[in-house]
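Okay, so chain A shows up in both of these, paired with chain B first and chain C after.
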Partner chain A sequence: MISPILWKEWREQRWKLAFGTLMLVFFTGSFLAARVTSDREVAVVIWVAGGLILALHSAMGVFAPERANGTMNFLASKPVEPWKVFACKWLFGWLNVAGPMLACTLVLILFRPGDTTMMGLGAQRVIRGAIGGLGLATMFYTMTCCLAPRRAGEAAVGLVGLLVFVALMLHMVVAGSMVMEPVYRDNVEPSLLGKVLLFVNPLTWIAFVKPFHPKFGSPIMMILVQIVLFVLVVWIGLRKWQRSV
Partner chain B sequence: MTQAAIQITDLCFSYGRKNVLGGVNLSVPAGSVFGFLGRNGSGKTTTIKLLLGLLKPSAGSCTVQKLDPAVDPMAVRRSVGYMAEDQQMYGWMRVGEIIKWVAGFYPGWDNKLVGELTDLLDLSPRTKVKALSKGQNSRLALLLALGHRPDVVILDDPTLGLDPIARKDFLRHVITLLQSNNVTVFFSSHLLYEIEPVADQVAILDHGVIIKTGKTDQLRESVRRFVFAPKPDATLNRLEGLLDVTHAADSVAVTIEDCDDAKRTAIHEASTNSIQETALNLDEIFEAYVIGNRGTVEKRLALTADRAREASAND
Partner chain C sequence: MRILWKEWRQQRWLFWMGCVLGLIFPVLEGLGGLHYNRGFYTNSGNGVVLGFGALFAIILAVATTHSDVKRGICDFWQSKPVSPTWLFGVKFLAASIVLLIIFLLAESLDFVTQYQHYQRFDKFAWSAFCYTFPIAMVMFSVTMFITILTRDSAKSVLIAIWIALLVYFLPLLMGGLSWLNVFELMENDNKPTVVGDIIFPLLTGHPTRFPVTGYPYVGGNVPGVAKSLTATIWMIVSSHEYVPYLYFLAATAATSVGGVVLSIAAAKRRWLWQPGQKTIVWTLGLSAAFIFGLSMFQVGHNLKPAKTWNGRPIDPVVQFNTQAENTFDWLDPKTAGKMISGPARTHSGSARVCVDGDLMIVVGQVREPPTQDPDGHALPVRHDWFADIYRHPGIDGRTKHLSRVRFFSALQRSLAPIVACFVRNNRLYIAYKLIVDEGEEHPKVSSPILSALRLAVADISEPAHPKRIDHREIYRPASFGVQWQGGPSDYGNYCYVGLGDELLIISIADPDHPAMVRKIDKAHFGLKDPDSIPNIELNVIGDKLVCVGNDRIMILGLADPEEPKKLLWLTFPRSDSWRDNIQTATYANNYLYVARLSGIAVYKLQSKPDGLLSSELVGQREATPLERLTGRYPYQLVLDKDKLFEAAGPFGVLVYDVSNPARPNRVYHGGDGLDVTAVGTWNGLFYIANPVGSDRDRLMFLDVPTR
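Let's look at the complex of A and B:
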């Protein structure tokens, strides 16, 4: 019974996916061709800023339109479990984030395949950057849409997304100070609590762009903490969604 | 004894601290058209949402075709055809696409029946849903509710927002399609005159409580209005089954439920002249029950008594 939901979501989201991909690829290509700054900075802007904007925009269009258009009751009355509807909606919203990001990663590889200079992009950096950008965007997208599945207006969801971003920035300031200072001091190790507290913040995906500092902790640990956070946020979102149907 | 298609027992529901349903009891016989009457905000839609398993009851229970929606909502939704009030559907889909889309949820979808209904309801599969008129939209929603040949159809204020012609047209289709197929119809509405010609039984819901239930014909027979000039010392508030009192210049109209000879005699004793007895339509019956239930009868009775005393003093 999930195929009708998948079909509907595809039909509703496909133009957003196409538009998002074209826009991000266009900007990536333009920045690289114009050479206004280094390729690495172009990549970071695309992966971080582009990813966050895409995630916010996509999260705004996942659950809210169903309520704003009044079709929620029609959908909810069909014999399909709410978690399946939730999962399909989340998936297609995520594709709107992942699709354009992967497309512009491909553009970065095609434009500058072998540039491993200080300011250039090697294949390894591209892959690490793409993982980091996609991880950050995925978490930001998931947090925004899962914390606001009951909002009927896209603007209201956008506001929740902005509040999430502000909260993440504030958290990063506090948690970062607990870890970063010891990282750059001799004979001082950051505490495990400090590392976990820092790794809870999805903004730490940005650190994936380059290899982790030995004192900073392992990427595996960060990914595990992020997976736990992801499961928790999805669980909250699903509960909110099921209660509001 | 007729088997109940829908059984509701002491059903309670509250949104936070706000009590919406306070112990609803209903039994809808299989194959009947059941009119579920109530004003806006009386709890009709909440009851229907509980029947579909879209909400969980605070207390009590309900079953649809012996299935408990709180336990197995998917099975209930598969066996029930549901049309919501002012149903909004995906405007970007064409009629043919939305039919195909809804069909995907029901293993027993009957394409032959749907083809016939599409012609009968005068719907074009190429038309976009957003281009449909309100009447066409309602007809499409009805078609989508019937496509899987459900044994129970729940219509929640289906004619809301339709003009009188479209409403009659829709009801004609409902009668044609449903009454002939032994389908149980649970028809909620606040427009009484639209339920009257189609309902075998009715229940009146007010402030989350069923205040009257019974067969439509019996209800019409048992509720009577008497118009007469009351004696100055008449104690109308002692009349049993008094639902409503309205007064004109020199007369009073009282509405009595479960009217029998004893009640007629009591009214004769309270009257100074001849009595005019009339049967009421469902609209008037509903009004009498709902107003009576709101406790204004006593106030009106007091006013009537005052006027009767004034008239007597003037004479």
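Let's look at the complex of A and C:
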């Protein structure tokens, strides 16, 4: 019974996938062709800025339109568990973010294959950066669509996204000052609590693009903390969804 | 009053949110400063206003209008409990107060800390407010209208963002919209302001720059009799520097009012427009892509680094800051001219480049690191002058740094630049203007100083082992402070130096011992005060000497090299804009190419029966707003066949097709981040270079298509 839901989501969301892919690939191609800055900077702009914008746009159109258009009752009448509908909707929204980013990664690998100079890219850097960018965009997308108020319209979800971003930036400023600064200044090992305090911020996915100080260790702990945060946020979103239907 | 209360109820949560968000970044920045013992200082408030001002106005408009036009409420207004004119007029008024307070609050810490630390008015923060607030009001009224039209907040936000995109970025592509180009208006914002120049000094007790009756006057750009406060304010607002801002203000105010009027009409007549979200998003995306593509076309590079030469691979980038194979110190006889260890520092002062065959010579000044005597007192900083000789990347594909020579050194704070260098018959001539202690090779800071032109001559027949031949003072003006920059430019056995009031002719007929043979007063060319010999640049081109000044060009005929004859005196109307100053010029095939910040102009020169030249403006190319904004600054023009190469400073190199001089057409752009101050050809390869600077002192070879 889940197939019709998947089909509905595909029909509804596919234009966003096409739009996002076209736009992001166009911007990546233009940047690379123009050679106004190094390939590495182009990649960072595309992964971070492009990923965040796509995530915000996608999050606005996942759950809010169902409420605004009054189709929530239609979904509720289907003999499918609410969590499955929730998962389908989240998945297609996420594909709208991940699809274009993966397409851009492919473009970067194809057009700058072996350039491993200081400011260039190599395939390994491209893949590391893509993982970081996608991780950040995924978390931002999930937090925006799941933390928005239950009855929020699309614009309100957008506003929530902006607030989430501001909150993440503020957290980064504070955590950076408390946790990162002593490490870089005094070359000391950060405490476990300090690491958790820092890694709870999805912006730390940027460590895949530009690695943190070696004292922070491997990114496994960051990934674990992010997984915990992801599960928590999804659980909040699912609870809200279940109460809505 | 009730409507105002209703608006306050609607807008207050956004007001508080705006206040908190506007202040939080400056506060964090200030706290960070305290943490690092730099004191509480912020300048991020203006960034918050510039970056988020218009976006916040859009959010405010949607949030406060949507609740008035949603189903049910919209029908309620038709019963006319209040006039829509009042409703939306008051909404606009309330929003303008909310935005005004939030913007000023966000910047308040910038103003306060700037005053606390430097006792001055934060002009940039005020400028950010002056340009962002009107645009925010435009965005509010337009978004209000769109929200009434669509009754859909998400669509309204998307359309409003699209309009904001056009408002900010379309003027970057269209020169005709320069009055709306916020980036350029802010960059060139040097107008006096009522707040900064009158209110701020009066509040703080600082003297004003304008003579106001009863207030201390420090003197400034408006001398004259003191006027009343009102008259002074009017004088500032009506000044020509204020006019562009008044245009901007008038346009934005008219658009804001137009938006409110349309909102009222839409509410009264129940206009409804319901475009699909797909349509809006595709329009937004495609237009953004179009604008971005055009921008990239203008700033992007289409000249690629040259990676081969005569079929051999070469490294296209040459770092000037490398260790030389041989170093020599001509100042220290103990080392017999050989330095024990040669510094490989960048040229931090002025530098010049010249090319001779496969050799390139870079001459520049290096500031040594500060030192202390045994008692810990700072010693005067020493400056060294070096000549570096490089050999073109030949068989092995890498440029060689053959030698480095220290030919002069001085302990001085105010030191003169290298004026020029050129090579003739294996002799390297280096001319530099020096502020010297009279009669001493190593002047002391406290000694009396004079301005003088010096010329060093070296034998570079063995470029790895250059030999000092001569080093002498060529000319010392009677009075200190003579301004001269141009030359020497060489022609035959002569070279020329412009001093403003005089033209020096130096003979190199005896190649080892140059000597001044003539000094020509400006009166000889029929110039009287305040005119002077143009001398920001002197170039010998063919048998003519082109003397370039800020607003005039003089061309001298060199048929008799010791008796130059004035052929052309071309003056340009002195405008108020420094953008119209001439930066550089070149002459070829009877066309004179003049580069200014505002663009390139081409003059056709024709011989008259009396042998003199006449000029006629035949072509022009205005620099695009993006070129200006991204730092195009012409340093040098070089003509090669039908291509005009411009060393455009931070904007890299620009290549114009001048096959039709009436229509100079930009065809190539290159640079890869290099701040290009010199262009030319070295052994058949086109190069761009910047010999000055700490991280940009390099040269790059570029492939220029020959089509």
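A few comments on the model shown:
In this section, the second predicted complex is superposed on the first by the 236 of 245 C-alpha atoms of A that agree within 3 Å, B and C clash if a C-alpha of one lies under 4 Å from a C-alpha of the other, contacts with A are read in each partner's own complex, and residues count from 1 in each chain.
Operating definition for what follows: a residue touches a chain if its C-beta (ideal position, glycine included) is under 8 Å from a C-beta of that chain, and two chains touch if they have at least 3 such contacts.
As the structure is a prediction and not an experimental result, all values here were calculated from the model.
In this overlay on chain A, chain B fits alongside chain C without clashing. In the superposition on chain A, A:S191 contacts neither chain B nor chain C.
Applying the stated contact rule after C-alpha superposition, one finds that A:E12 touches chain B and leaves chain C untouched. Looking at the shared chain after the overlay, A:L159 reaches chain C, while chain B stays out of its contact range. In the superposed model, A:Q124 lies in contact with neither chain B nor chain C. With both structures placed on the common chain, the touch criterion links A:M60 to chain C but leaves chain B unconnected.
Which of chain B and chain C touches more residues of chain A: that partner is C.
Using the contact criterion defined above for the overlaid structures, shared-chain residue A:S218 touches neither chain B nor chain C, since it reaches no partner.
Chain B and chain C never share a C-alpha pair closer than 12 Å once the two structures are laid over each other.
Contacts of chain A with chain B, set against its contacts with chain C after fitting on chain A, share not one residue. Only residues 1, 3-4, 7-8, 11-12, 69-71, 73-74, 76-81, 245 of chain A touch chain B when the two sit together in their complex.
Chain B makes touch with chain A in their complex at residues 52, 54, 74-75, 77-78, 82, 84, 86-93, 101-102, 104-106. Residues 15-16, 19, 22-23, 26-27, 30-31, 33-37, 57, 60-61, 64, 153-156, 158-159, 162, 166, 170, 173-174, 177 of chain A touch chain C in their complex. Only residues 21, 24, 28, 32, 35, 59, 62-63, 66, 153-154, 156-157, 277-278, 281-282, 285, 288-289, 292-293, 296-297, 299-301, 672-673 of chain C touch chain A when the two sit together in their complex.
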